[in-house]
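Got a structure here, written out as C-alpha cells. Questions coming.
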Amino acid sequence: MSATTAENKVAVASQRQLIWWRFRKHKLALVSAFIVAAFYLVAMFADTIAYTEPFDTQSARSYIPPQPITWFDADGHFHPTVNALKGKRDPRTFKLSYAPDPGETRDLVLFGHGYEYRLFGLIPTDIHLLGVSNSRPQDALFLLGTDQLGRDVFSRLVLASRTSLTIGLVGVVMSLVLGVLLGGISGLYGGWIDVVIQRVIEILRSIPTIPLWMGLAAAVPNSWTPQQVYFVITLIISLIGWTELARVVRGRFLALREEDFITAAELAGASQMRIIFKHMVPSFLSHIIAAVSLALPAMIISETTLSFLGLGLRPPAISWGVLLQDAQNLQTLALAPWLLVVALPVIVVILAFNFLGDGLRDAADPYG
Amino acid sequence: MLAYLVRRVGLAVITIWAITIVTFIILQLPPGDFVDAYVAQASAMGTAISAGEAAALRHAYGLDQSVWVQYYKWMAHIVHGEFGQSFEYGRPVTEVIGDRLWLTILLSIGAIIVTWGLALPIGIYSAVRQYSIGDYIFTFIGFVGLAVPNFLLALIIMYVGLRVFNVSVGGLFSSEFQLAPWSWAKVWDLAGHLPVPMLILALAGTAQLVRIMRANLLDELRRPYVVTARARGLSERRVIMKYPVRAALNPFASTIGYLLPYTVSGSVIISVVLSLPTVGPLLLHSLISQDMLLGSTIILMLGVLTVFGTLLSDLLLMWIDPRIRLGQLK
Amino acid sequence: MPNLSRPHLSRRGLLATLAASPVAMALLTEAARAADLAASGLVGELQGPTMITDPAKWPTKFQEAPMLAERVKAGKLPPVAERIPAEPMVWQPLNETGKYGGTWRRAFTGPGDVENANRINASDKCFFWSADGSKIVPCVAKAYELSDDGKTYTMHLRKGMKWSDGSPFTADDFVFWFEDIYGNKEIVPTPTTDMSPQGKPGRIVKVDEVTVRFEFDVPYYLFEEMMAGDTLIGGGQSVRQSQKLSFGAYSPGHYLKQFLPKYSSLEEVNARAKKEGFENWLQMLHFKKDWSLNTELPTLGPWKTVQSINNPIWLLERNPFYYAIDTAGNQLPYMDKVQLTLGENLEVINLRAMAGDYDEQERHIDISKLPVLLDNQDKGNYKVHLDLGFAGSDFILQINQSYKADPEIRKWLTNADFRRALSLGIDRDQLNDTFWLGVGTPGSPVPGESMPQNPGPEWRKKWSVLDVRQANAMLDKIGLAKKDSAGFRVRTDNGERLRIQIVAIQAFMPFPKMSEMVGDQWQKIGIQADVREMERNLATTRVRNNETHIYTWNNGGTELLYLFPRHAIPVDPTEAYMGPEYANYYASGGTQGMKPDDPNILRIWELFTEAAGLKAEGRNHNAQEIWKILADQQYGIGTVGQSPAGLGVRLVSNKLGNIASRVCNAQHCRTPGNSHAETWYFKA
Amino acid sequence: MADEPILSVRDLHTHFFADEGVVRAVDGTSFDLHSGRTLGIVGESGCGKSVTAKSILRIVERPGRIVSGQIMLRRQNGSTVDLTTLPTDGREMRSIRGGEIGLVFQEPMSSLSAFHTIGNQLMEGIRLHKDLSKRAIREQAIELLNMVGIPRPAQRIDSYSFELSGGLRQRVMIAMALAAEPRVLIADEPTTALDVTTQAQILDLIRRLQQERDLAVMLITHDMGVIAEMADDVVVMYLGKEVEKGPVDEIFHAPRHPYTQSLLRSIPSVLAEPRSRLATITGSIPHPFARPGGCPFHPRCPDRHDVCEIIVPAEVVIGENHVTACHLYTKVPA
C-alpha cells in the first residue's frame, strides 16, 4: 500500500513541522536556544576564547578592575587598544591601585598568540580569539578584571563553563531520569513497590542534605583527581535531588491513570511504555521542565555550599560554583565587586534553559 | 479510615526506625570519631592531647564500643525519652538543643508562609498572564534569586546594612535580650529580628515555588473543565480561582511534610552567617566535630517531624482530594 | 567528559619574567617593606603594664569595683582588703590608672573556641612572660628557685591568695592535682613528658602552705621555661583543665573532691553523674573542672564564667578575689564583664568588627580584609594595630617523611634535593604580596632574628629564595629529567605524570588558595601539584593515617622550640605533619611507628632530648643546631612569616585605655594574655 | 424560514494571532439558529467548528480574537444584541453564557472538575442566573438531573464526576448546560467519546429536551450519521470556511461541493451505522499556517481546476437556503 505509506510520511513530517512551527513562534525560546548553543560553543572552544591561562597567578595583577577598551584612536579611526597598567599598594591603606601607563598602549588583535593549548585536546596551537600586540595578553588584557591571585576573571569564567555545562548537567540529568523512572514505577505499579519507594523517598527527604553530603564525600578515596572528585560530588548532589520529582511524577501517574485518554489508549492495546512516553509524560512536561530549570541552579549553588563543609573543589576542576564561592567574602564586596560577575552567566544560562524548556513544552503541547 | 490510619502510623514508626539507622550509618561514614575531631580541634588551638588521653576519653564516652553497641545504647536512651549527652557541650542533648528547635520551627514556618504568600499569587499571575511583561520580570527576579547563593545574599545584605544604613544585621535578639528570660518585650524583639532572615530564607524557595505553581497551573488552565466553567457564565477570576488553581494547589499539599527539613537544610548557612540560634549551625557543628548523639538527635527530630508532617499532609490530601478520599486513587 | 587538564604551558615558564610585563608593580624589597610598615603607623613598640615587685612601693589602701562594693555592703562578700592576698600582683598600668566598669564586647566562634577567653584569663599561670616575650616573670606564683643540679624546682606562692569562691589557694591544691587528678590513671592514663624528663616521672611535694617543690631524677633545667610556657604543666588552670584536659599543675581540690570516687565511692559519684545527666563520673568530672562550662568552678583568673560557653553569649564577670591590684590600690580588673558573642562565621565576625561591635578583638580577624578594616576605622570608632609575630612561617608546606603508600612518591618526598628544589620553585614575594599584603617576611621556617634560638641571619634564605633555574637543574640531576608533553616531570616507575598532593584546609589563612598559587608556581619547575581542600577532621585523619604527601599549616609557637616543638619536628603524634609515623616512634620510645632512616632526623631528636637537661645557653645552642638542619633539609618548606597574619591584626575601640601599641604575638605570650587585659579600661 | 432567528451569525471571522502569522480559524461563516430547530455543523477536526462555538460564547482563548462579523442574539426580553460588541468578561456577556446559551462540551470526563461534586458545579450555574434560595437551587438541580435521566438524582447530586459512567457524565453536562434554562444549546461533539448505545441515548435526550423547551440547538460533529439523524439544517466547514450550507435533505441527497461529496462518500450508506467514521479523503488537512491559496480544498479536490489554486470561490446560491462555495458553480472562465 504505497499510497498509505506516502500519506503517513506526509502526516509525520507535518507533525514534526508542526512542532518546529510552534517552537519558532516562541521568539524567546528561539533566542534562548541560540544562547544555549553559544554557551556550548564557548565551552567547546574555551581555550581559544580565553586569552589568558586561567590558572596563571601573579601578585602584581591582584584585583585589577575590569579594563576599558579604547575603540577609536585620536584620529577617530577604529583601532581598539588597551592601556598597560601600573600597580601600586598604598602603604597606609594597603589597597592596590592601578593606573594606566600613558605611554604604553597595546593593540587588540583578533586571533593573536597567547598561551599554548590543545584544541579539542588534540591540535596544539597558541592562537586565541583575542590577543594584544607586542605583549602577552595576561600582562595587558583584563576585560572583566582579575581575582586575588591575579588570574583573569574572563578567561576563568570561560574555562569554568566547560565543567559547569557538562559534568554539572550530568547530575541534573541523573536526578531527572531517576525521578521520572522511580516515580513512574511507583505510580504505575502501586502495591509493595510503591510502598518501598515511598519510604525510601521519605527517609531520604527527612534527612537534611548536609550530613548526607559530608558522609558521602568523606568516602571519596584520597587518590582521586580533582575532576573525579568533582564528578562524584555532582552525582552525590543529584542522588538527593530526584525525590521531589519522583513524588510529583507518581502523583501525576496516579491521577492520569484514571483519565479517559489513557483508558482509551489501553483499550486500543497500546503498550505500557508507549502509554508512558507518548501519553503520560507529555501531560506533565511543564512540571518536568520547571523541575529541570530549577535543578540546574541548585546544582551550581550546591557547589558553593560544599566549600562551607571543607569539601571545596580545587583546580583544575574550576566551575562556576567554585568561582562564585571565591567571591563570597567581605574583601570582594568591598574591594573587588567585579568578581560577583560570575553570577551573571549562571543567571543567563538558567534563564535560557528555562525559556528553551518553555518553548519546547509549548511546541510539543498536546492541547496547543 | 481507621485501618488506614493505623497502617500509616505503623509505617511511620518503621520509617522513623529506618531513619535512626540511616542516620547512624551516615554519621559514621566520615573517618574518625568525636575524639579525633576533638584532638584535631585542640591541635588547631595549640593544645596537645596525647594518644593515651584520647584513648581514655574514648572510653569515658563509650566511643571504643562498636557502632552497634553505641546505636543500641542510643536507642535505649530514646525509648526512655532521653537522647544522651552531647560530647562537645558536655550537657544532655535536649538541653543543648533547648529553645533552638522552637526558634527553628518558628523561623521555618515563617519562611514557608512568606514563601507561599509570595509564590502562589505570583505563580498564578505568571501562569494566567503567561509571557506577559510581568511574567518575564518575575521569572527573571526568581532566577536571580536562585542563582545567588544564600550565603552571598546574606553577606551582601549585612554589608549594605552596615555601609549604607549603619545597622548591624544578624541574630534573633538584641543584645539586651540575649540573656533575658522570656517576656513580651523579648517576643516583640524577636518579631523585629525575624523578617530579614525569613525573607532571605524564603527567596530561593519562592522562586522555586513560583516556577512549579506556574507550571502546574499552565497544565490545568488547558483543561476542558475551565472552558465549561467559563461557558456557565462564571467571571474569569472565579473560574480560575475555583477550578484550575484549586487543582494546581493540590500537589502542594503533599509537599508540606517535607518543607521543614528542606527549610532547615536551607537555613544552616543563613543561620551561620546571620548568627541565628537555630538548630542549623548546631547540626553543622555537630557534624564537623562528630558529636554523634547531638547530630543524630537533631536529624532524628527533623526526621520525626517530617514523617509526621508527611502523614499529616497525606491526610490533608485525602481530605481535600475527593479522588483519593473515595479510593479512586491509591 | 571534556578535557579538563591544564593547558599546555611549557613556553610560559620561559617567557614569564616580570620585567617584561607591562603590569609593573613596585615589589617591595625588605628594607622598603620595613620603612613602609613604619609609615603605615600600624606597627608600634612592644609594651605593656609594669609589674611592681618591690613591696615598699605597694599601696596599702585598697579600692574595689562599685558592683562589688554593693555586695560587700549587703554582706555577701568580705571587704576588699580581706579578698586581696597579702602579697598581691601589683601593676602600674601602661598609661594611667583606670576607671571601673563596662563590658568588654568580643566575638567567639562556639564551644570549640574556649581558647579565646582562656587567653584573656591567662594570668592563672604560675609564671608568665614579660610584655616583650623575652623574660619569665611572676604570676600566680611570686618566685622560684632552680637547684644547681637542675633536679629541684621550688616555687613560692602568694600569701593569703584565694580562689574565686573565697577559699584559700595553697600548696595543697598542687598536691591535689598531682595525686588525685594527674595521678589517677583513669583520668590521665599516660604521664606527660612535661613532668617526666627522659621518661623518668617527677614529683610534686608540699613544703609548707605557700611553698611547692617539684622533684626530678635527672637534670631538668628546661622546667623553668616549661612552667612559664603554654605547656601542659605550665599552661594554667583555664586552658589545661578545660576541653576535657587534666593538666596545669594545680586544681581546686576543695571543690573537685566531691566528684572523685576516692572521696566517696564509685557508686556514689556514678549515681550523682546519672542524676545530673552524665553517663559516668568521668564525664561529670570533665564538665565540672571546665571553667567555660561550669559556672561554680573556683578559678584564679581576672574573670570567671557566669554564662557558659555553650550559649550564644559566653559571659564572664570579674573575679571578686582576683589577686592583682594597680599602684593606686584598685583591685583589678577594671572592666566588670567580658561578653563574648557567638559569630560562627569569619566573614560575619569581621563585618561586625568593622561596625564597631567589638571593643577589642585580635582573634578571628582576617588579614586579607586589612584594607577594608582600615577603611572603617572611623565609622567603627576603632584603631587597627599590627602585631608582628616571631615564628618563621605562617604558611609552611610540611613534607611527610614517613609516607610509604606509594614507593615512588616516598622516594621523592624523602629526597633532600627534591625538597630543596620545591622550595626554590616558590616565589615567596608573590605569596607575601597577595596574602600578607606585603607585611610578612619571606624565607625559611627559622624563627625571627630577635629570638634567642635563631641560628643566624644567613639561614633565612637557605634554599628559600626563588631560583627556577637551579631548581630545574636539581630536579633534572636527581633523575626527574623526563617530562610529559605538557612539560610536567614524570614518575620513574611508570612514566606517568608525577603528581604531588597538597592537602590544605581553611584555617588561620586561606591555605587552599595559597597552595593553589604554589601549585601554579611549581609548573615552572615541572611539578604537578594537586591541591585537595578537605574538611579539617577528614584531613587530620588522613594525616594520622600517614596518607598525605604535603600538608599545609603554620609553624606558630616554634620560636621557642622546646615549649612547642610539634610544628617544627616530628615528636608529637597529635600533630606531626612532617612524619606521623616517625612521631609515633619517638613518642612511644621506639615501640610503635617507623624508625627514620634519615640520620638528620635522628640527630634532631638527639639534640632535642638532650636540651631538657641543659641550661639556657646550651638549650639555645641545640635549638639553633636543629633549625640549621631543618633549614638545610627543608622537611618543612617555609614561605612567609613574622607577620601579623595569626592573631596579629588587632582592632581596639578608641574608648579603651592602657592599650599597647604592639603586643607580643606568640604562642608563649598567650596573645593577648600577657598584655594583661585586667589593666585595660573604658575611658568614658 | 418565516420565523425570526434567535441567534444569527453573520460573516464571522475569528483569527489566531501567533508570532508566526495569522491562523484564520473561522473565516467568514454565516448561519441562523431558530427555536425548535437543529443546525448541524460538520467538518473534519481543525476546521473551525469548535472555535465557532467558542466565538459565540466569547470564550476564545488568546491569542484568538474575533476580527469581524456579527453575532446577533435575540434576548429573552426581546431586544437584540450583537455579542461581538460586548466585553468578554462583562456582566451582560456572563449572563448570556449559561443563561441564554448553554454549552455541552466534547469530553465529559475532563469537562467536569474532579475536585467538586457535580451538584456544586450544577448549582453554581443556577445560582449565577437565578435569584433563588439555597434549597430551591438544590431542588432545581435535582430536578434537572432527573430530567436528563439520571437515576436517584438526590443522591447523585453529591457524587463526583469520576464516580459516574461516561454516559451519565454527559447527561450531567447537558443538565448543567440547561441549568439556567437557556434557549440556545450548543453541543460540541457531545457523543464522540461515548459508546454506540449511549450515543443514541444522549442524542435522544437532546432531541427530547429540544422539543420540551423549544430549544435552538447547534450540533457540532464530524459524524455525518449524527447529522442525518439530528439536524434540520447543515453547515459544512473546511479550514474555517463554510463550503456548503443547506437543509439536511438537500445536503445529503444533492451535495454540490466536492468536499461534501467526499464526506458523504466516506460513509458507505447514509442509512448505515451512525458510528461510521469519516474515513479516507485523499491527503490530510494542511497545517493552518500552510493554508493553500485559492480554494482551500483544492489540494485534495478530485475536481480541481487551475483557477482553484488562485481564486477563492465566492458563495453561489444553488437552491432555496442552499449555497456552496465552489468554482464548479461559478461563471469564471476556466
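Order of writing sets the labels: A, B, C and D. Residues in every chain begin at 1.
The criterion applied here is as follows: contacts are C-beta pairs under 8 Å (C-beta built on N, C-alpha and C of every residue); 3 or more make two chains touch, one makes a residue touch a chain.
Keep in mind that this is a model prediction, so the values were computed, not measured.
Asker: Show me the overlap between the contact partners of subunit A and those of subunit D.
Answerer: Under the touch definition, subunit A and subunit D have B as mutual neighbours.
Asker: Measuring centre to centre with C-alpha atoms, which chain is farthest from subunit D?
Answerer: If we average the C-alpha coordinates per chain, C ends up farthest from subunit D.
Asker: Please work out which of B-D and A-B is bridged by more C-beta pairs in contact, and write that pair.
Answerer: Most C-beta pairs in contact, of the two: A-B.
Asker: Central chain, going by Cα centroids?
Answerer: The most central chain here turns out to be B.
Asker: Would you mind pulling out the distance in Å between where the CA atoms of subunit B average out and where those of subunit D do?
Answerer: 53
Asker: Based only on mean CA positions, could you tell me how far subunit C sits from subunit D in angstrom?
Answerer: Those two chain centres are 89 Å apart.
Asker: Roughly how far is subunit A from subunit B, going centre to centre by Cα mean, in whole Å?
Answerer: Chain centroid spacing, subunit A to subunit B, equals 27 Å.
Asker: Determine the centre-to-centre distance between subunit B and subunit C, using the mean Cα coordinates as centres, and give it in whole Å.
Answerer: 39
Asker: Quick one: which residues in subunit A touch 2 or more of the other chains?
Answerer: Answer for subunit A, listing residues that touch two or more other chains: 214, 218, 258, 309-310, 328-330, 334.
Asker: Do you know which subunit D residues sit against two or more other chains?
Answerer: Residues 107, 110, 162.
Asker: Enumerate the residues of subunit B that touch no fewer than two other chains.
Answerer: Expected reply: 30-31, 155, 159, 223, 272, 288, 323, 328.
Asker: State the interface residues of subunit C toward subunit A in the complex, per the touch definition above.
Answerer: My answer: residues 1-12, 15-16, 18, 20-27, 36-37, 39-41, 347, 350-351, 354, 368-372, 374-375, 429-434, 437-439, 499, 501, 505-506, 512-513, 516-517, 519-521, 530-536, 538-539, 542, 547.
Asker: Mind listing the subunit A positions that touch subunit B in their complex?
Answerer: 28, 190, 194-195, 199, 202-203, 205-212, 214-216, 218-219, 244, 247-248, 251, 254-255, 257-258, 283-284, 286-287, 289-291, 293-294, 297-298, 300-301, 304-305, 308-310, 324-325, 327-330, 333-334, 340, 343, 346-347, 350-351, 354, 365, 367
Asker: Tell me, which parts of subunit C touch subunit B in their complex?
Answerer: Those in contact with subunit B are residues 110-112, 114-115, 186-190, 192, 230, 232, 239, 243-246, 277-280, 282-283, 286-287, 290, 293, 307, 310, 312-313, 315, 339, 341-345, 347-348, 351-352, 354-355, 357, 379, 507, 535-538, 540-542, 544-545, 556-557, 564, 566, 572-575, 587, 667.
Asker: Taking the touch rule as given, give the residues of subunit B at its contact with subunit D in the complex, in rising order.
Answerer: Against subunit D, subunit B makes touches at 223-225, 227-236, 242-243, 246-247, 250, 320-323, 326, 328.
Asker: Which part of subunit D faces subunit B closely enough to touch in the complex?
Answerer: Counting only subunit D, the residues touching subunit B are 54, 57, 59, 88-89, 94-99, 102-103, 105-107, 110-117, 121, 124-125, 128-129, 160, 162-163, 173, 176-177, 179-180.
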